[in-house]
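Below: a set of structures, written as structure tokens.
In what comes next, chain A is part of two complexes: it sits with chain B in the first one and with chain C in the second one.
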Partner chain A sequence: MLGGLYALFAMGLALMFGVMRLVNIAHGDCIVLAAFVAIGLALALPGAGPALLLAMVLPLMFAAGYVLQRGVLNRTLGKDILPPLLVTFGFSVILQNVLLEIFSADPRSLSAGGLESLSFALPGGIAVGWLPLVTFVAALALALALELLFARTRLGRAFRATSDDPEAAQLQGIDHRHVYALATALAFAVITVAGIFLALRTTVAPSDGPAYLLYAFEAVIIGGLGSFWGTLAGGLVLGVAQAIGFRLDPGWGILVGHLAFLVMLMLRPQGLFPRTRD
Partner chain B sequence: MSALLEARGLTAFYGDFQALFGIDFAVEPGEAVAIIGANGAGKSTFLKALTGLLPAAPECVRFEGAPIGGLRPAEIVRRGIAMVPEGRRLFPSLSVEENLMIGAHAGRAGPWSLRRVYELFPALEPLRAHPGNAISGGQQQMAAIGRALLANPRVLICDEISLGLAPLVVNAIYNSFPVMLREGLTLVVVEQDVGIAQRATHRLYCFQEGRVALQGQSGALTRDSISKAYFGT
Partner chain C sequence: MRTRLALAFALLAAAATMPWWVDSGTLRLFVEFACLLALAQMWNLLAGYGGMVSVGQQGYLGIGAYALLVLSDMAGFNPFLCVPLAGVIAALVAIPTSQAVFRLQGGYFAIGTWVVAESFRLIAANASAVGGGSGTSLIAMREFPRATREAITFWIALAVAAASIAALYWLLRSRHGLALTALRDSERAAASQGVDVGATKFWVYLIAAFGCGAVGALYFLMNLRISPDAAFGVNWTAFVIFIVVIGGIGTLEGPIIGTLVFFALRETLAGFGTWYLIALGALAVAVMVWFPRGLWGYVAARFDLHLFPIRRRL
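Right, the complex of A and B next:
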């Protein structure tokens, strides 16, 4: 069920790109950051479970995302696609080095008191791990929540309208700077969930970010732009592809994932479930 | 000092290019005022300056007595000026009904609601679930006007609403104006069609190369004087 984790990775990226056409090159590093903030808090508060850690880190990351967008990234948005890429790339480098300074290069992880290795048996002799299942359910719930947010709420309408035509959106009384900042804040909240599930599942090191950006990006493209269900599907497809690859040969796991991505680009570049706009 | 919305000596620039050279303009509560002029005369530029899409000196635009020049568009909408932009600019990712609802984003109270907009433009109701751009030009124009009405503005600005529409459709849309005026709205319309502009409004301004070339009572201005002002002869 690696797919659930990849879907979580991808959703924050899809959110920022969907609302602002902004590709956050530091996306993977932000997931790692969230994981390390949780790990740091866990070191300071031994006995704090992952749910409590999530509750503590979420508001911090939400606020950080809002401030980052409002203070820095809003200034990079315009006709040129380069400034946001350059700024977030720089941010990625800074993040990795700051984490390296604080935590050193040792990989660390979070503990859920044994939950992460528990499994239960399904009929037919299949054992399902608790953590992968919870991860998948979280990804499902988040996809549902984001779809409902975008489709049914005033904020979601503002997101869609601002994404279509920021100038016309301003003419309706929408403060686009605030809307963009909320989108990034929300993306950072999703990133936090992804980061904590990541740290529960495996060890995290400061330099792991770029690989996760790649998986997130592939999942978004495979799934298709414009729909969070698509992003969920893309994450699952990528996860399954990698799992198949790992089965064939431990060294091939990641490669098969990349191959699946390339095949998708060749056969159906718009992804599995694109929602065409304009 | 009683004008609801006025511009005094308004200048506007696109970078180094000066588009407006000191526009004086005023509209009283309950009036319908037209702005006509050739392409490039500065009409849309003027509207952009009024609605905050272009920078303006604070004192050069006054609304309800307060300076609003240079304020952000969202703030100007909140204060009570809404615009139907040129080309409609409905949101494709939103349905017709969602497009109308987003007009109310600023949350101003007033007589306009979704129900009242459907009463004014009955053709829209069966289309409510269609994507904003999957309807005809005339329907889009009605939806764009409805969207602006839902902001419950005091002043509604319409930028070239007859563009690209059949005369029958344009007439039907302009027939909604008396209803709006009865609800206490004040209207500013930029129009290419001089005849409609004269028939639908109380007063009229003619712009020419970034200046007001002529103004007066819509019914009293002669074709000849308008022609001279329009083309700058």
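Right, the complex of A and C next:
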């Protein structure tokens, strides 16, 4: 069930890469940022539940994503892969340390109003927690929504066209800078959902970002590029691998996840459900 | 060319007398400077010339550090001799690793190398023989008096820093350097001119792993305490990336300038906690967006100044 959360982490990364071939090294730190914005708001408004917090943080992060892409990242996109990588890497270090200065190194979390400890029993004696189930359903719904957005809507068509050939898309009257900014804004909205579910599930510390980037990345590669269903499956595979590892030895859980990813990379580098090739 | 070489040797000889007239704090600072400079040159070779943006070089640094620990404390080797040996071991580990990470391209290569480095860290943290997660101290250095220890470590540091620059200079002026530069500009065009792209990248990756492994051993000769978080920390690569980007990627002079800027920032902002990291990151982002060729690249273009001429003049 950890896989649902990893799938949520991974979808934002997959979205940005899919549309712009942009790998956001600060992805994990953006998840942590969203979590901390929600935690900060929860401190200011003690009565607010997770849904209300989500509704407040979502537009903020959406706008932040748009401005970041339009103001900075668009300048770095081009034939050379170095600038976007290095700029997002710089943002990653800046975000971590700014969060550290504001919130200190203490891990914090959000309260789900008791939902986090509730569970129900399946026949056969398997206890299923409500929060992991809700997280999983959210991941499923988001994968479906993103698939539909890309396949059916005008915006999705613009995303796909710009991804295939930005110049040809421009000739058809698509402003690629605006489309890119919308893609990042949308990715940041997904990141917000991921960050809030993360803070509900466990504690978050400013230095945790890189670990979440790695999980998201592993889920994307295991699942295969170009399909949100693949990303969902990748998240589930990674979650199961880590759960098996933690069962063997608490120190080995994350390592087993990494090793599963590396084995996958050797055996099936295109991932489980690849759609695009490049 | 000959006067430059003579000048370089005179500078080195003068620097080598430092243990007799500077205090131990300065020596330590210089060793750290040499470590970062050598790491920066290795990363510069990888990313600036080989086109491989790795965020996982701390993996080889950590392997070098742990190789030092195992070889000197457990196998009884002379710890100073372990510096080149640690490099060899890191390069050997890089052979199978390259098979996995070379399947990824561009940005995904960067994160893939990071996953590998994290895996190494977790393995070290779970190995109780080398102290597990909290690390252990290097006891093999106890038999040397402190002044001897610090002087020899300093000379090795000087040699490593000079060798990293000399090796890159020699490599880039050779036939292989031409191939590398071609590769950086266009993989496809280089391949069509007969450059073996796969083999060239492989060797560059191995050389960089060797350099990082040697630096790992060197740094912990000075530090004497090894822990997984210190040896495999991503901050190593973060510093190095900022140094190279600020100084000027794809030049030999850039990393030297970048390392100087790094230490200047760190020493002046030392009283403000992590703010020097924030300043460094912001500076690197600004340089990347507005001066993509870095400080040295800007100076070199403006004044046509080259300390280490590696280009052919037409």
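Following the convention adopted for this analysis, the second predicted complex is superposed on the first by the 276 of 278 C-alpha atoms of A that agree within 3 Å, B and C clash if a C-alpha of one lies under 4 Å from a C-alpha of the other, contacts with A are read in each partner's own complex, and residues count from 1 in each chain.
Convention: a contact is a pair of C-beta atoms (placed from the backbone, for glycine too) under 8 Å apart; a residue touches a chain by one contact, two chains touch by 3 or more.
Predicted model, so just to flag it, every value in this text is computed and none were measured.
Peer 1: Once the shared chain is lined up, is A:V72 touching chain B (first), chain C (second), both, or neither of them?
Peer 2: The answer is second: A:V72 touches chain C but not chain B.
Peer 1: Please work out whether A:P269 is in contact with chain B alone, chain C alone, both, or neither, and reply first, second, both or neither.
Peer 2: second
Peer 1: Thinking of the overlay built on chain A, is A:L100 touched by chain B (first), by chain C (second), by both, or by neither?
Peer 2: second
Peer 1: Touching A:P83, do we find chain B (first), chain C (second), both, or neither?
Peer 2: Once the two structures are laid over each other on A, A:P83 reaches chain C alone.
Peer 1: Touch check for A:W252: first (chain B), second (chain C), both, or neither?
Peer 2: After superposing on A, A:W252 lies in contact with chain C but is clear of chain B.
Peer 1: Would you please give the residues of chain A that touch chain B in one complex and also touch chain C in the other complex?
Peer 2: none
Peer 1: Which residues of chain A touch chain B in the complex?
Peer 2: 154, 157-158, 160-161, 163-165, 167-176, 277-278
Peer 1: Going by the contact rule at the top, pick out the chain C residues touching chain A in the complex.
Peer 2: Touch list, chain C to chain A: 47, 53, 55, 99-100, 103-104, 106-108, 110-112, 114-116, 118-119, 122-123, 125-126, 133, 234, 238, 241-242, 245, 249, 273-275, 277-278, 280-282, 284-285, 288-289, 292.
Peer 1: So in the complex, which bits of chain B are touching chain A?
Peer 2: Of all residues in chain B, those touching chain A are 51-53, 72-74, 77-78, 82-83, 85, 89, 91-94, 98, 101-103, 105-107, 133, 147, 151.
Peer 1: Quick check on the complex: what are the chain A residues that touch chain C?
Peer 2: Going by the criterion above, the answer is residues 17, 21-23, 25, 72, 75-76, 81-87, 89-91, 93-94, 97-98, 100-101, 210, 213-214, 217-218, 221, 249, 251-252, 254-255, 258-259, 261-262, 265-266, 269.
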